[in-house]
Amino acid sequence: MIFSIVVHASPASSQAAATALRFAAAVLRGGHGIERLFFLADGVGNACSLTVTARDETDLQERWRELIREHGIKAGVCVSSAIRRGVVDAQQAQRHELAGASLHPEFAIAGLGELLEACARSDRVVSFG
Amino acid sequence: MIFSIVVHASPASSQAAATALRFAAAVLRGGHGIERLFFLADGVGNACSLTVTARDETDLQERWRELIREHGIKAGVCVSSAIRRGVVDAQQAQRHELAGASLHPEFAIAGLGELLEACARSDRVVSFG
Amino acid sequence: MKRSKKLLFVARSAPYGSARARTLLDVVLAAAVFEQDAAMLFLGDGVYQLSNHQDGSAVSAKTLGKSLAALPLYGIGKLFAEAAALPERGLELGELALPVEPLCNRQIRELFERADVVFNL
Amino acid sequence: MKRSKKLLFVARSAPYGSARARTLLDVVLAAAVFEQDAAMLFLGDGVYQLSNHQDGSAVSAKTLGKSLAALPLYGIGKLFAEAAALPERGLELGELALPVEPLCNRQIRELFERADVVFNL
Amino acid sequence: MSCLHLLSKSPASGLLELASKALVPGDALLLLEDGVYFQSQPQQLAALPAGVTIHFLEQDLLARGLHGALPENAGRIDYDGLVELCIRHDKTTSWF
Amino acid sequence: MSCLHLLSKSPASGLLELASKALVPGDALLLLEDGVYFQSQPQQLAALPAGVTIHFLEQDLLARGLHGALPENAGRIDYDGLVELCIRHDKTTSWF
């Protein structure tokens, strides 16, 4: 079965990001596919490359990257949510004359059309926030 | 009278950041002083230098900077809240080998001791979140 | 893009205090642009989004009710509201920012049953 | 740092689901380090923070109850809980992660009245 | 010592019930942001102890299209009035 | 078509009352994150329509020290069980 997973919450403020990650791992463990991860609203914090995690805490950003890399999953970050929250890729940083990029390269800036396309292509869409 | 203002919310997700800014302006307009602005939890987003605001929307980050600059207000950003959310100054970026800084220079990384000191020195502490 | 799925958008947050209403509306508008089969239900505090005479400029925000009023023009014609939530919140059906069909609890359950994907914010 | 002010920390959020409980605790611990006159009240859902047998590792988090139990060692001795909230949430006074004094509604109001600064999260 | 309570969530949040446990006569309740929706659902406000003054933040009422009458005993204030309220009470606390 | 409802906030949030308007017999309710606190306040669950199955996410119960009995008719599942639940129902929606 094909899933898409939508994440609305930042790992720093809500457990929902960790829940979504565990759910994604269970989907793959069960032999199912993930059409797309989509990060919306405060969920864009999961894709930020400038976070620092205390040594005795779980680095959720890093765990997302591992999951995406190992399984070749598409991970989209809503463009309008992201730019308002300072999560930008190199191209946007240049266009808007910002000091640098803050989106980790495992993630890609995406429009909401890609979320809707993921819905059309998935058997189940599950949101966490 | 001396106020300190604590901001818990990001401008992208909650009205509270805009409320805090208007309140701060009213405090100054009333002839009162602001001992310190303190940004905590998701409030650190107010100090991020990498955000982009749509042309027909208010750039709250920029309005905080103007207020801080014009009135010479101390603006502290809670260090542990900030690093988890990818808001880091140049020194932290270097120490943690991050791609760049994302804290606007009008704000300073601060410990919670500075929040408590602000409380001790203020007649009123008002929180927005 | 395939268009076979029925999308249901459940707006259940009051506007302005948080960005939730605006975020959901952005997704609804995208669904309209991509010609998806979309319905929108205002539930609980979400009916406050329908309040007439909103003026976002008082809090330096865009007026949500005005953006919602454009939905029929975008082809989103299936607009529903929880009937009971309106009078509970001092709203009258004839005085809303956009025309919606009031649904009783049974009709709300039917709307959920018919949907293929439910966004809920 | 001056120490004349009475700080009241009102913990009113359940732990783990959001970072609120942890954020407030960080401020309380800082108040202890700076030897402030601090009291802490667990109110409403906040009493869930006192639940015994918590194990944050089940959700890859630090165990909040364990951190709270260190408060008396840090010199934060004024620990209170809303008496009515405990049985409402299935908690018993004798089986909590740290010893707290239960307060009736009148005592809660008195605690607020005595405070100079109230953090509430 | 009296306290100004800022409450910024809608009646559905249940926060007023929690704040009520701390409200004493002489305190003030400021309803702001989504807290101004209490204008249209004033039932819970009637249960507050006597001697608590109630205030609605004007700009938040306007944004939300809440032009109806306020509950009895409640007033509307702007940001300058909010600063004055902070000064008139010995401390503030925020319910959000 | 049946729906799996994910609910992740505590009973005090009032979200269950809202979700109830959409729950039909054959649907499932998954309580996760702070939603597992319904274990200690099960009164609202008793009011759900018959034919709605109730599930608690095990890891969230453990984290919060909720070792007591679950309400009658409710079961506990892990993440693999959650994936199975998603498959068994035609769609999901999340109340947060």
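Per-chain numbering from 1; labels A, B, C, D, E and F assigned in written order.
Keep this in mind: a contact is a pair of C-beta atoms (placed from the backbone, for glycine too) under 8 Å apart; a residue touches a chain by one contact, two chains touch by 3 or more.
Keep in mind it's a predicted model, so treat the numbers as computed, not measured.
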Inset, instruction - Treat touching chains as neighbours and tell me the shortest step distance from chain C to chain D. - result: 2
Legend entry - Chains touching both chain A and chain E, listed by label: B, C, D, F
Inset, instruction - Would you pick out the chains that touch chain A and also touch chain C? - result: B, F
Inset, instruction - Quick one: compare the interface residues of chain A with those of chain B and tell me same or different, with half as the dividing line. - result: same
Inset, instruction - Quick one: report the Å distance separating chain A from chain B, using the average Cα coordinate of each chain. - result: 26
Inset, instruction - Go ahead and note the Å separation of the Cα centroids belonging to chain A and chain D. - result: 34
Inset, instruction - Could you grab the centroid distance between chain E and chain F? Build each centroid from C-alpha atoms only and quote it in angstrom. - result: 34
Legend entry - chain F: positions in contact with at least two other chains: 8, 12, 33-34, 59, 91-94
Inset, instruction - Hunt down the residues of chain A that sit against at least two other chains at once, touch-wise. - result: 8, 12-13, 15, 41, 80-81, 125, 127, 129
Legend entry - Two or more partner chains touched - positions in chain D: 16-19, 44, 59, 61, 117, 119-120
Legend entry - Every chain pair in contact, whichever chains are involved: A-B, A-C, A-D, A-F, B-C, B-D, B-E, C-E, C-F, D-E, D-F, E-F
Legend entry - Of all residues in chain E, those that touch chain D in their complex: 1, 3, 18, 21-24, 90-95
Inset, instruction - Spell out the residues on chain A that touch chain F in their complex, using ranges where they run on. - result: 1, 3, 8-9, 15-16, 19, 22-23, 25-27, 29-30, 32, 124-129
Legend entry - In the complex with chain C, residue positions of chain E that touch it: 8-10, 12, 33-34, 37, 39-41, 59-60, 62-68
Legend entry - Residues of chain C touching chain B in the complex: 16-19, 59-62
Inset, instruction - Provide the residue numbers of chain C that touch chain A in the complex, in ascending order. - result: 1-5, 7, 19-20, 23, 26-27, 30-31, 33-34, 36, 117, 119-121
